[in-house]
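Shared chain: chain A. Partners: chain B in the first complex, chain C in the second.
What follows is the complex of A and B.
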């Protein structure tokens, strides 16, 4: 009678390892966080616009087209790494990229964009990080996909890599 | 030169480990075993020091140094940088394995050669597994061809004295359980070992592992408290849990080993615990290194490493647990004993520790299970752990107060009550006194204080009575637990937090203290720049207590910011200030914490460590005497 329950630890242990194996080999990203804003309207906010004369008003900007919202800063190295992908998005038809310049120096940002190229159709200045709080930003860079009705459809935490670039494109083609 | 030699020595240690594995199959002590064991120890030791040398002299032709170091880094962190990264820490892990391997080898005497050889064979197998892993997936001696002027820098958050020694201490703990594991395997595979007192072999290793694990976890906590600046010292992070689980099983193991020694009962239980304690240690490494869980400790995300460790854990775990399932029957006995006895109290302690460990395990892997089966993401946080761990620990601690003074066999209730009466009285008086004085009541606070005083008074009384039948190490360690509970209760129940925006010359009040923001300085450190807030703390009589200077540091090499907490400590409370974001016009976000009794957590942990060392010494003496 005893024999059966003595084997129980090994069965339990190995089945836990099997689950770990499954999680290890499926294509998963542990840093991917579901946003509570998913399928909700973009938060309303107003701030300075980096290049344009008039204020950045969120309700004027979202809607009509599919928008990518990219939180970035010049002091963040991964932001520099993902910049080429952000540019590729802005060159695509029907997509505009909105930049949110997080806790940064505006002069530095302007020269940074001169050096690397400016992919953003509009840039909101988030000096004190208030906008990032409203969007539930976890750490920059962070990118949101907003559909033509101003509803957030996807969120990615961390730099855009080749894989993520493809994934975001897939999501864009789905919501079109 | 150094990296090539280091790499060669790493391969050499692989060779010695393999040779130890095969020659120990001969089941007797031979000069080949001696050569393998000593060769393994020396080659891994030198290999480790060569990596350290490369870090100290900033040899940027080594990829590991280039990625994790920088010329401007202070010497202490150049040294600790050796194990502050994944590859180097694996080398440390191997070194500790070989040190324990050497101590198993030292157990040899005329009668036990078959047994010790078997344990050495298992230990060699474990060592081979880890060396192969290091050599093929995480070789610290990898070089880069083109010359590099300077390194990429070391994560500034890891540049902290407590964290510099945290990994070595922790690894002695984790890896120490490997020796207990190897001894268990020897017990289970060999048929005729009635004459071998394996429990007394296992005990010094378990005591050592447990003692160092305790202090290692404590240093990790100290680091979190001083460096992260979140005001707390424990966050139920998956990696903290990964270290706590082997500690809990180790606690159970330590106590049940005493029962095996004295009563020959709980043998199969001890074998299972020693296997599980090591498996959980390895599994902890897996969780950290594979990136399967996100935590502050996550090193590099590399799936091939994860698969390797997982496969290795499966081999170790599958083999040992199936072996246990088939062979442990022999050690299973139904010697029922009275609950009101020392062995009874130890058994209850064991059950409770294992239950706590299981609930932490469940909480840690639950998000993974949910994700695997439903694709949803959830996280399990503090409320879960507080409501599962705390209620189970309360009876465990109550029993801890009586357990040591109960006698083996059947205890006499009246006699025991007479013995513990002074401490019951003392507990009541001190507790009443404390609450009359502070007038701050909360159920969990009262329970915590009562438990702490109960353990402290009990063990202090025993310590002064100098009972020869009780081990001093145990009493001191138990006393440490009492102090630890006092600190944990105080800091978690009566903590106060204030987050405010302050301009220069503003004041803030927390408890009876008045804190004035005097000025802000710009300072320059060896490898960082910082903004330093200057705060004066006054008590209610307007006397100045201290001057606190929290910093906001910028490390240009890694382009990162850290906060340096400033703390004023006394025996009753910590005042803890963090300088957040801000500027001269709007002021700075300042977080002020009033953390009662935190220092007793550290004192408690050090006391436990001391008790562990005393007990280690006693067990080693006993072992020498008996052999």
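What follows is the complex of A and C.
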């Protein structure tokens, strides 16, 4: 009778241990949160455009083509690191890359893009970070994949690495 | 006598230290220029901010955090309050963008049922085991 009683806690303990082991092994980043905007329309916003005289109006920009929306700033080191991958996306056919310049100095951004190359077809200026809040952004760089109907299909927090580059390409090929 | 006096002094020091810790207020991230003139509205803003998680330093509220995003959200909450939004509308605005995770206290929903009820289930199991064990040991 006593032995039977001991089985229950040990089984419980072992199963908890197994759950922890599983969470340790699987590839996950606990600080990365799922976006609540997935499968929803892009938030509506208007702002200055960095290079164009015309205002950046979200309803005019989204739709038709698949868009990659990249929140970046010149003061953010990981943004510099991921820039080569952002450029690769802009060279791919059927994809347009939209930049959102987060809390930055416009003059600095222009020279930064001159130095590294400009992959963006249009850049919205987010002076006070309000556009980012509407997109649920909490740590730049962040990248969103928006389909041709203007619906958000994927969000990545942090710089685009080789692995993420492949993942985004896979998602793009799936929604095409 | 002297030895007793020394232990008494140390004892008083420890008590004083505990009292200081107990009565000291927490440090807040709110900057003076953010504070609203209207005290009633400011109190509302503070109460909301205490329930909102800072997404950067995830175990702090935006009221305590000095992260730039926390500051932006504090200012945004105050703007919304002065514009006449209700607390409920402000919470909805934030959870629409950042999800339930932005609330420090998760809401009672179907998906969070286990989170809220499991502690009570475990408590009941614990009580049951203690009683069962007691009953058995009495027999012996």
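Basically, the second predicted complex is superposed on the first by the 169 of 176 C-alpha atoms of A that agree within 3 Å, B and C clash if a C-alpha of one lies under 4 Å from a C-alpha of the other, contacts with A are read in each partner's own complex, and residues count from 1 in each chain.
One rule holds for everything that comes next: a contact is a pair of C-beta atoms (placed from the backbone, for glycine too) under 8 Å apart; a residue touches a chain by one contact, two chains touch by 3 or more.
Note that the structure is a prediction, hence the values are computed from the model and not measured.
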| item | value |
| --- | --- |
| Simultaneous placement of chain C and chain B on chain A, clash or fit | clash |
| First (chain B), second (chain C), both or neither touched by A:75 | first |
| Partner chain(s) touched by A:24 [first = chain B, second = chain C, both, neither] | first |
| Touched partner set for A:94, first chain B, second chain C, both or neither | neither |
| Partner chain in contact with A:7 - chain B first, chain C second, else both or neither | first |
| First, second, both or neither for A:134, with chain B first and chain C second | second |
| First, second, both or neither for A:16, with chain B first and chain C second | first |
| Chain C versus chain B, contacts on chain A by residue | B |
| Residues of chain A at both interfaces, chain B in one complex, chain C in the other | 31, 33-34, 103, 128-129 |
| Residue ranges of chain A in contact with chain B within the complex | 2-3, 6-10, 13-14, 16-17, 19-25, 28, 30-34, 75, 77, 103, 128-129 |
| Residue ranges of chain A touching chain C (in the complex, touch as defined) | 31, 33-37, 103, 128-130, 133-136, 138-139 |
| Residue numbers on chain B that touch chain A, as the complex places them | 268, 272, 276, 279, 286, 290-294, 303, 306-307, 310, 313-314, 317-318, 321-322, 324-326, 328-329, 332, 365, 368-369, 371-372, 377, 559, 581, 586 |
| Complex contacts: residues of chain C adjacent to chain A | 55-56, 58, 68-69, 72-73, 76, 95-99, 101 |
